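Both of the next two complexes hold subunit A, though its partner changes from subunit B to subunit C.
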Partner chain A sequence: MTPIIESTSLCKWYSQVMAVNDISISVGSGVTGLLGPNGAGKSTLLKLMVGLLKPDKGEIKVFGERVWNNNQINQRIGFCPDLDAFYETMTGFQFVISLAMLSGYSKTEADERTMEVLRTVDMLDNKDKKIGAYSKGMKQRVKLAQSLIHDPELLLLDEPLNGMDPIGRHNTIKLVEQLNQRGKTIIVSSHILHEIEAMTDNILLINNGRILAEGNVHEIRELIDKHPHNVYINCDKPRLLASILVQYDDVVSTNLSKEDGGLIVETVKPDELYSRLPGIILENDIKVENLHSPDDNLQAVFKYLVG
Partner chain B sequence: MVETDQNRQSDFKSTALRSFKVIFSITFNQTIKSKKTIFMLILAFLPVFLTLYYRIAQPEHIVPPHLVLFHVMIFFLLFVSILIALFYGNAMIGDEVDNKTIIYYFIRPVQKYMIIIGKFVAYLAGVFLIIIPPMLISFLIISSDSQMSTDFASTVDTFARQLGVVMLGLTVYGSIFMFFGARLKHPIIIGLLLAFGWEKIMLIVPGLIRKFSVAHYLVSAFPIDPSMQTALEDVSKGSTSSPITSIIMIAIITVVFLGLSIHAMYNKEYKFE
Partner chain C sequence: MPIHDLSYRHWEGKLKSHSFRWWAITYENLKVVLRRKLFIILILVPAVIQFFVFGGLIYGVNTYGFFSNLSLITPEFFFRFCFQQTFFILLICVFGGSGLISNDLKSNALQLYLSKPLTRLDYAVGKIATIFIMLECITLVPGILLFLEHSVLSQDTTFIREQYWIIGSIFLYSLILSIPITFLTLALSSITKNNRFAAIILITIVFGTTVLNGMLWVIFRARWTHFISYWNNIEMLGRELFGISKSSTDWQWATPIILILTLVCVWIMYRKIKGIEIVT
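Then we have the complex of A and B:
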């Protein structure tokens, strides 16, 4: 089967920095997650796919055609950039309908399509407000709407869940599922593993401009689970909390931070720790001020994978 | 087969026309609604306030009205229009790049040359709307003075042609500054150096080198009342090209810089990091 996207020894650099380093991939239909920490090269790779950037070396083809300066292929590609870029004095409706007409729809068709797409992304109620007054989540949804307006065969979504509230995230994930069922090819990028997991099993792992791995997300998850996670908890009873948590098999160790006395919990199953914590905190009347995991993005995992 | 080719050509024309209309509409609205428009309107109406003041506060006509009119029109030609062209011309592409909104054009099935053409025509519509009213009002305020020439028809004719040259100035400078916005990293600085450095210097140096400036051709094409010939020679240093040659050169420069803008758009990578 002909791949939708194919790259051969693809390279792109910005001055001294190699943003994409010798990437040869073949992406077929379905949903593919592009997973990597910030600065890994995800956005650069997506921009190469949509023809916003020109390869410095190698080549990339979409639907069998080169994309740089090939504006006609844009009819088949929808791109949702990670950048926050809008005509702030336009309303959401005006913004999307203008881009619909630029995609080739007549005024009447564009009007109908815009209403339909804004309904899909749940922006109908706010369509007549100026974009400048939108929240980050609303802006994200309008960006998504413009990528869908011309019903493209291929969707490239760069961090589409950024800035969205939980309902927005849930709806967007469902939308990706529906679009996949309708036969669209989708590439969605993120630096958060569980976001990608919710949308697809098939991922490309990227770091420092290189593809580290491709395949099933569950295999990646198993790798992460083998690597202990540190979770930092700042609370009023760290010793009590430590003594409770250390009884669980998945907790490897607990330590008090020398800087501020916060509790650092090392666990091989962070998801179980997170689901267990609220109950423990309530039962023991522990006040938690701050909770985060320095390992909860992919940087630590990549350090572990790359060695 | 012929029918299919005709349908294809017809589809292409209607798509190209639709793209042009949308690009024009977006750009024109952004131009008019932009914050710089207030500043540009104040600048453009400054001569109006000056001419009003002249009419109200100069009963003795120390300075004859036709001389005032000449200098006001030269002020529009060599200062106001260049500044308007600089900020709006650069904004056509430069602002879209700075605000990263140009991405939305590039990810649509729109020919890049159409982006330039659509934006340039929108720029012209916007800047003509800004400059024509204050020029007209200034002219009417001064020309209503009883000391002006009795041949009003001739005065109107001269004004109409002066307005035409100012519009030509906005067109040619707009094309140059649009290219700067499309190609250069610091287009406003380079534009200021051109507009108030090179162009102004070329107006005060004699000889052939003057022909390497746009201002030379604009001043050469600028029609004046014969009584103002001496005042014009002060501006032109006695060195002018014929009006026809000047208009042709202005047209050529405009086309060349529009072509360069299109070339820049096809070859430059706009990186949004």
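Then we have the complex of A and C:
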């Protein structure tokens, strides 16, 4: 399948600062999370994807075409920037309709389409208020609306959940899901792991302008199998279980949680541990209340990779 | 009961051709500028009043024979009209043009505009057209109307037969009055996020060069000092176009000066109009 976004040895630097460093990626359809700490190069990468920045080295193609100086491709891309980009004295409706006109709609169609996207992001009730009076979350939703205005095939959302209240977040996550079902390709960036986790399993980890890892969270976990994997077991005989498990070579350490007395097992072969555990539990009559691996959470993966 | 799908819907319509995408920028900006009542009352209305004063003179001369012994309606009459609009041209640029790009930079709107199917050129053309249209409305349009008024009211056809070229001069001079200052205004607007700062620099360049010209003239008494003033250069070109030049070579100096100034402004705009401002 042809990738939607493809970059080869992509570099972008601001004077002495290397914002994007030799990035070669291939992004297919669906939702992809771009994850990294602040200053990792996420926004720069997205701006290179939308053609707002010119690569200093390498190239980036979207839908098989170069994006820099190719404004026709922007007809197929929707961009929601991280920073606010408003005239505060405009109303939400005026703001979105002005961008609809820039996208090439006639006045009547711009009007209809604006109402449609404002309804999609649940901003119809507040469309006539001045943007200056909007909350952070409302501003985010209006920004999201403008990115959808020309019904793009590819959506680049830079920190879209930033500043949203829980309901706003929930609705936006649902919208991303819905847009994905409607065949849109979405790249969503964030520095907050659970935000990305809620939207997709497919991630690109970026730090210091470099892609650290890409793929499914679990695939990434396999990539980093040199790092110990934590398994948390809450049971009635944690000390007994610890003494048994520590005899196996793949178990690096066992610790008791200070908070609730649960057992944290560090292993380099999690699959072997999982297959061994049921037998041990049955043999020793251990009652397990809870068993999970915090490592399945993106946070752990990210910590491992970033160091 | 039918259940309607309230989820995201694809848009099936057709977009307008790309050729006039810049018009959306112009339309929006004109709407914003012309929504300001003070701008209309203090700038556009007086500019229109000036047109009526000149129109009244033409009417008076042709209908009642006022000032007929002074041969009032000469090429210089039309030059005077155009050149006297320069005050309003400056006011339009200061109050209607200086914020056109700087406000977009201040609000980060440029990155959104350029993330749409809109080129930097479309954006620049849209901004240029915003000022240009306003300036032509107070120079070219009334200038042509005055010429037509005199042609219609004049009893003999001598004026039309002998002075028909004035209409071309009005057209060309309106361009000379509008284009360089449009680019100057937008270049200054593109170098700062503060529209007041852009306005102050614009006033300084336009008035400051005239003041400097006056000071240097007092010291050197040399002809070259006149070419320092922006308005002097514009005036010299006008005089040449309307055939009332004081010196036959003035325009040869004024033309490259205005041309270079305009090109420098185009270059500044090319450098500064970018989706992302990179601060290093």
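Convention: the second predicted complex is superposed on the first by the 218 of 307 C-alpha atoms of A that agree within 3 Å, B and C clash if a C-alpha of one lies under 4 Å from a C-alpha of the other, contacts with A are read in each partner's own complex, and residues count from 1 in each chain.
Operating definition for what follows: contacts are C-beta pairs under 8 Å (C-beta built on N, C-alpha and C of every residue); 3 or more make two chains touch, one makes a residue touch a chain.
Everything numeric in this text was worked out from a predicted model, so none of it was measured.
Student: What does the overlay on subunit A give for subunit B and subunit C, a clash or a fit?
Tutor: clash
Student: Who does A:109 touch here: subunit B (first), subunit C (second), both, or neither?
Tutor: Touch partner of A:109: subunit C, not subunit B.
Student: Touching A:203 in the superposition: subunit B (first), subunit C (second), both, neither?
Tutor: In the superposed model, A:203 contacts neither subunit B nor subunit C.
Student: So, does A:178 touch the first partner subunit B, the second partner subunit C, both, or neither?
Tutor: second
Student: Which partner, subunit B or subunit C, is in contact with more residues of subunit A?
Tutor: The partner that reaches more residues of subunit A in the superposed model: C.
Student: Is A:148 touching the first partner subunit B, the second partner subunit C, both, or neither of them?
Tutor: second
Student: Between subunit B (first) and subunit C (second), which, if any, makes contact with A:120: first, second, both or neither?
Tutor: Touch partner of A:120: subunit C, not subunit B.
Student: Kindly classify A:20 by the partners it touches after superposition: subunit B alone (first), subunit C alone (second), both, or neither?
Tutor: Touch partners of A:20: none, neither subunit B nor subunit C.
Student: One more residue to check, A:71. First (subunit B), second (subunit C), both or neither?
Tutor: Both partners, subunit B and subunit C.
Student: Once the two structures are fitted together, what part of subunit A is touched by subunit B and by subunit C alike?
Tutor: On subunit A, the residues that contact subunit B in one structure and subunit C in the other are 14, 50-53, 71-72, 74-75, 77, 79, 81, 83, 85-87, 98-99, 101-104, 106, 146.
Student: Taking the complex as given, what residues does subunit A use to touch subunit C?
Tutor: 14-17, 47, 50-53, 71-72, 74-75, 77, 79, 81, 83-88, 98-99, 101-106, 109, 113, 116, 119-120, 146, 148, 150-151, 175, 178-179, 182
Student: So in the complex, which bits of subunit C are touching subunit A?
Tutor: It comes out as residues 6-11, 13, 15-18, 21, 24-25, 27-28, 103, 107-109, 111-119, 122, 275-276, 278-280.
Student: Using the touch definition from the top, list the residues of subunit B that touch subunit A in their complex.
Tutor: 15, 18-19, 21-23, 25-26, 29-30, 33, 99-101, 103-112, 266, 269-273
Student: Where on subunit A is subunit B touching in the complex?
Tutor: Going through subunit A, the ones touching subunit B are 14, 50-54, 69, 71-75, 77, 79, 81, 83, 85-87, 89-90, 98-99, 101-104, 106, 146.
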